[in-house]
Amino acid sequence: MAGAITLERILALQAAYIRCIDNNELEAWPDFFVDDCLYKVTTAENHRLGFEAGIIYADTKGMLVDRIAALRQANIYEKQSYRHILGLPNVVKNGGDEAESETPFLVVRIMHDGQSDIFATGLYFDTVRAAGSELKFARRLVVCDSSRIDTLMALPL
Amino acid sequence: MAGAITLERILALQAAYIRCIDNNELEAWPDFFVDDCLYKVTTAENHRLGFEAGIIYADTKGMLVDRIAALRQANIYEKQSYRHILGLPNVVKNGGDEAESETPFLVVRIMHDGQSDIFATGLYFDTVRAAGSELKFARRLVVCDSSRIDTLMALPL
Amino acid sequence: MAGAITLERILALQAAYIRCIDNNELEAWPDFFVDDCLYKVTTAENHRLGFEAGIIYADTKGMLVDRIAALRQANIYEKQSYRHILGLPNVVKNGGDEAESETPFLVVRIMHDGQSDIFATGLYFDTVRAAGSELKFARRLVVCDSSRIDTLMALPL
């Protein structure tokens, strides 16, 4: 039987997820998701208008694995790095072995010459699922505040 | 009897508060305060100098309700959106049914054309009060780091 | 016997630490460290290349005390203030009376004219040690994402 999904466990999951990305350990990124996950990235405007089509759509963990493989081949990470800062998660629903939370995020981009700027802000809409002692994302919808980000969207969010 | 005010309850209150604002559910914002609340917004410079007069002053929940009504009529939210990112709360005093905490905040403004910049940073000085299972703000003093913000101060902080 | 090092205790330590700095109570800053602490500030590039030499190196609490005294004499804080925003800590190791965590940070600099910009981002690599009810830093390695910060590094991070 899975243990209760506490705020502390959700905090730990969120923190580990962005650590994986910012440490550039992208091959481990898909393991934060269940096999039949849903991962979408879209803009606030699209989200408000109810458009299904977003910037990124993946409905299996395998698609996330493929995404990282493609990213590594394209090798576009040389010139900048990123730093995610997460706000405090809102647990909006919690019962049984699933919980829903909303977590604000900010991503800073650090250019090779040292210049830093705000790359993206937005909200993670998550459904997390407990399986034994593990907690994984069953669904992550990433809603970016700005509509100006699509062409840069190689980085997992 | 009110339960103890744990760090976890304070985290949850802070997170729910900014969710309300960033989701533009401003009519629900006054409900985060007790009826005889004190809500003030000021600058770090005024705060340091001990000036009472700030940018915003409200000492009843009704004044907060009025504020949102005025804001909705002025309808000035079309062209930008905001994203609050909160740092970790400091619980500086805790006993009985009230606790005092200080929480750093950062607000990013996202313009209609997609440009994002730092709108405000500062510190929330809060007194939270437990009434049964509920936790509300008895007092929120918002101290903005920059002195350059007064004219823009329609947004609840 | 020291109590267990919980995530909640680590959160509280991190929050108190940056409160001390942002409130300009720098004389209290060394007390967040044990006597035989190790405190280093370096860049992500140096860290990746394994270079030992960084921007700041101190291996006793006394050196931190000296640092603040020098800083106060130089009196270079008049024209700007800083606001630290911490992300969620990752507890990567925890056992006995020590724990290791990694915590992302963002520092905003607020100039005297009110202009705000991103001063630094990075990651704290910490070893915290419990002594009775107290939790202190045995080791803090501050890795700044940008290589453009060394000349400005008077501020404790």
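Labels A, B and C are assigned to the chains in the order they are written; within every chain, residues are numbered from 1.
We take it that contacts are C-beta pairs under 8 Å (C-beta built on N, C-alpha and C of every residue); 3 or more make two chains touch, one makes a residue touch a chain.
Here the structure is a predicted model, which is why all the values come from computation and not from measurement.
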**Asked** Is the contact between chain A and chain C built from the same residue numbers on each copy (over half shared) or from different ones (under half shared)?
**Response** different
**Fill in**
Rounded to the nearest 5 degrees, the rotation mapping the CA atoms of chain A onto those of chain B is 120
**Message:** Please tell me the distance, in whole Å, between the geometric centres of chain A and chain C computed from their C-alpha atoms.
**Reply:** 27
**Prompt:** In chain C, what residues contact two or more other chains?
**Reply:** 8, 85-86, 106, 118
**chain B residues within the chain C interface of the complex** = 7-8, 44, 85-91, 102, 104-106, 118, 120-123, 145-149
**Item:** In the complex with chain C, residue positions of chain A that touch it
**Value:** 8, 11-12, 14-16, 18-19, 22, 81, 83-86, 106, 108, 110, 113-118
